[in-house]
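So the structure is just underneath, and the comments pick up after that.
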Amino acid sequence: MSRQEQAAASDPFWLDPGKRAIAYQVGVLCMVGLLAYYLVSNTLTNLEKQNIASGFGFMQKEASFEIGESLIPYSAADSYGRALLVGALNTLKVSFIGIILTTLLGTIIGIARLSSNWLVSRMAALYIEVMQDVPVLLQLFFWYAIFYETLPSPRQALNPFSGVFLTNRGVAMAVPAAHPCHKYMLAAFITACVLAYLLRRWARKRQEATGRYFPVVPVSVAAIIGLPLAVWFIFGAPLEMDVPRLQGFNFKGGITLSPEFIALLLGLVLYTAAFVAEVVRAGIQSVSKGQTEAAMAIGLKPGQVLNLVILPQALRVIIPPLTSQMLNLTKNSSLAVAIGFPDFVSVANTTINQTGQSIEGVALIMAVYLIFSLSTSAFMNWYNKKVKLVER
Amino acid sequence: MASAEVHDKIEDLKPPVIQVGVIGWIRSNLFNGWLNSLLTLVTLYILIKTVPPFIRWAFLDAAWNTSGQACRASQGACWSVVTKNLRFIIFGFYPYHLHWRPLLAMIMLFVLLFLSRERTNWKPWLFYSWLVGLAAMGLLMRGGLLGLEPVESSQWGGLPLTLLLSVFGLAAAYPLGVVLALGRRSRMPAIRYLCVVYIELIRGVPLISLLFMASIIFPLFLPEGLTINKILRAQVAIILFTAAYIAEVVRGGLQAMPKGQYEAAESLGLNYYQTMRLVILPQALKIVIPPTVSILISAFKDTSLVVIIALFDVLKTTQSVLSNPEWMGFSREAYIFLALLYFLGCFSMSNYSRKLEKELSAGEL
Amino acid sequence: MKLAKLLIVMVAVLALASVSMAGTLDDVRAKGYLRAGVNGSVFGFSMPDKKGVWKGLDVDTAKAVAAAVFGDANKVKFVPLTAVQRLPALQSGEIDVLCRNTTQTLTRETKNGLNFVHVNYYDGQGFLVPKKLGIKSAKELDGATVCVLPGTTTEMNAADYFRSHGMKWKPVVIENTAELNKAFFAGRCDCLTSDASQLAAQRSVAPNPKDYVLLPEIISKEPLAPVVRHGDDQWYDIVNWTVMALIEAEELGITSKNVDKMLKSKNPQIQRFLGVTPGMGKALGLDDKWAYNIIKQVGNYGEIFERNVGVNTPLGLERGLNALWTKGGLMYAAPFR
């Protein structure tokens, strides 16, 4: 001990690991700082010299460009800030729907890949291999081109089912005509969801306490479907539909999904589902066969085996990679700009172009995606912690 | 002895015909249970409905080498859009009479990749031939020496550009990723936090925002008059992006290393670099080969994003062919051809990773 | 270790980057060529032909600048740029001049730190529609789906036009001109809106040009001019007077064919212009033969116009506003003295 101290005292400082570490860190920090200073000062001089405006003052100015589809009311007279909000909401819309569809499709394909049916499992394997190996941007272009090159113009719309029209302007669909009962149905649906959640907690508590089993799933499903239906009947079961009609250039009425939106959604979902399928497969395979056998041996029904034994364990393996796939999907939705869907990147791009303030524009893009990513991963981390194995 | 005689007399009983052979296989793999039978039938029905028309469209009725007008008249696929424009799709704006140069460069690349497949070839000579090969490829593309006509990088395009972005992107991102992963595991807080911030920041944003940054903002960061080639800027963006993902994969490998390995190395008196280089990294990098390859595959696919900043990679050249009025409307065929190209690239990479994984795990036993 | 690596990288980057500190003219001279930003997918203005040779009115304008600076019209490297890239590319110095059908506006000259030189094409925004829609006027476009390039003055003009006429519309915005046209010709939109000259160009390359008509309404003024950076007056002068020289030559009747003969002309204006009487070139910091080189190698404005977009080309555009002022147009060069 004393010898070491002696050595430390007499050694020059660069032989002392502690001091060396500090020197390294100071060096690296200085370098990073210098680099940052260099870049920032260059940028400032450039901006000043060329008289380029800076700052986010443009957000309040009138955007004076139109946006094709929007979840909130928007017109060219609104501000850039609102235009960007429209873009952000469109990104959220496509990501949200995309994530749900991807999870569904990916799970189905992942299970199909494990199917004992040779044909089904081969087809799933083929799907996974092909979709994973073709760039998603190429897939987007492909679907978009298919859409406007093969489908007819609105006047010769394809009509595969009544109320659905396929044209190169998108898919027009009939929706139930607006009726006051829809509000109440929504309320009923939310109530049913809350009830189902409470029921599940109660059933689990009772099962833990008394061992008696309560069929939560069928009851919840019945409530979630039944309650809104009941409301619907109370209002006299209004059946009127808002059917799209050809009027002027395009279909009016119903809802129309634009080719850009559909191509984007299709491309993202088909591509990401292949990765999700692999995740799901790995998750299910990670639960050893003995678990199933043991669960059956203690007399659980197949549904219960899945619900109580396999899923809780498989999910633990599935969730982290699934999260990163969802984030990938969200990030890939930025490719919308290539096929003209007005997502955030697309709107920001137009803004950059009109205001000439590229630094602010790209900074906004990065900030928005960072917020999406960080909040998704925060939520997923929370969920992951919840389903984590509590070890003794 | 007696039992043996008895055995001789009884003929070997063959299993029932429905349990072995083709029929048995079909029964146990396709029709075991009503659900599977139903699935099989449905799948078969879909296949019958889709595959023959597709074959008809893609092969029997297809036009292989005709003009655009002739294509419009035919019912099948118009592969002429690819065959007639192949040289433009592959080489872009590279001067027409010099196409042999990028072609030769690509052949060299493939030969080198092929040689690198076998682990027995992983020796110094391979490393040197890569160095020489890359230099030769650069010379071939750029020209200007040995009597080769110089070709500006703004004229590079098509498949050579895609390969250039991928090969250099992967080659540079890998070491950078390893350094970042080590930084993230470092005991020095300043370095650790820098690496964490970098990795999380890059992984949180889409590649396209980095490409935008490289193409429209980065020039403003530089002092006036200093400009960097557009391709190089995109290349740097791809490298920075890929490195963050590789770093995370490598970190996984580092974390999986048992503590005993570090302790053993330290007790041998190895310093940090020796520990890492001789003990930790060789093992850690080996166990993360499969995820690394999948990162490399996605980096290869992601090079297609440079289309958005108007670099003429193979996707962009295809699109400009498709905007030619003679070939308008044949996007399907052209995109299928491209998909096939990318598929071949990615599939051979993933296949190789499987092979390597098998070899490495065999060596372990 | 890390430090060494970083240093190597920095050295490599610096080696690959081209450094230049002086004014644009010196910088261009040192490089030995001019870098011009162009659109790249507008037939008649700037588009590579099948062999990758650049052709078009904007391309010729850039070539004229090269002829003025180097006496060699071929010392130009063309950089195809998207709408969003064009201004940053110029601001950052990636290109020396932007000849990419860019409209002169107040914002661009002030907030974006750019200067527009003399206009090389007067344009206005119009609408292209398929004939089979049976539309005669832009006022019938209520409810139409319109293909438009995002972030351009075109997009804002269209928004203004529909708003002021109380009409609804649905924009389809794809940043890539070629992709946008493809979508329009495939029927994704009812109507394509852009500068009238560009619409003529797009129509001329359509699968069936006769199936499309230009609507009579021209809804905006679009003075298209080459652009340079703020703050380099010498370079501004060179590009500005190059465009003027093209116009002046047409007015003086000097063409690429007769320019050698014109050298012997007794007209003092022509003598000054072609550098027989020295002084004009020096004033710009160029060779006195600069205008001669431009006309000899590229031609005058009329020649350029007729060669690329005139009535005998697939675009078939009339001179219209782009005729000389003496012939009822707006092309008017300041005096060369």
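Going by the order they are written in, the chains are A, B and C; count residues from 1 in each one.
The rule is simple: a residue touches a chain if its C-beta (ideal position, glycine included) is under 8 Å from a C-beta of that chain, and two chains touch if they have at least 3 such contacts.
Note that the structure is a prediction, hence the values are computed from the model and not measured.
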Based on which chains touch which, is the overall arrangement a line, ring, star, complete graph, or other? complete
If I rank B-C and A-B by number of C-beta contact pairs, which comes first? A-B
Geometric centre distance via CA averages, subunit C-subunit A, whole Å: 42
Taking each chain's centre as the mean position of its Cα atoms, how many Å separate subunit B from subunit C? 40
Distance between the centres, which are taken as Cα means, of subunit B and subunit A, whole angstrom: 25
Per-residue multi-chain contacts in subunit B, two or more chains: 216-217, 220, 222, 224, 308, 319, 322, 329
I need the residues of subunit A touching at least two other chains; which ones are they? 28, 46, 49, 149, 337-338, 349, 352, 358
List, in ascending order, every residue of subunit C touching at least 2 other chains. 2, 84, 88, 91-92, 175-176, 186
Which subunit C residues qualify as touching subunit A in the complex? 2-3, 6, 83-84, 87-88, 91-92, 107-108, 110-114, 133, 142-145, 150-152, 155-156, 158-160, 162-163, 169-176, 180, 183, 186-188, 190, 229-231
Considering the complex alone, what residue numbers of subunit A touch subunit C? 27-28, 31, 46, 49-53, 64-68, 75-77, 148-149, 153, 168-169, 247-250, 252, 259-260, 337-340, 342, 346, 349-356, 358
For the subunit B and subunit A complex, residues of the former touching the latter: 29-30, 32, 36, 39-40, 43-44, 187-191, 194, 201, 203-209, 212-213, 216-217, 220-224, 297, 301-302, 304-305, 307-308, 315, 319, 322, 329, 331-332, 335-336, 338-339, 342-343, 345-347, 350
In their shared complex, subunit C is touched by residues of subunit B numbered 93-96, 152, 154-155, 179, 215-220, 222, 224-230, 232, 273, 308-310, 319-320, 322-325, 328-329
Report the residues of subunit C in contact with subunit B in the complex, numbered from low to high. 1-2, 5, 13, 16-22, 27, 40-41, 48, 51-52, 77-82, 84-85, 88-89, 91-94, 175-176, 178-179, 181-182, 185-186, 205-207
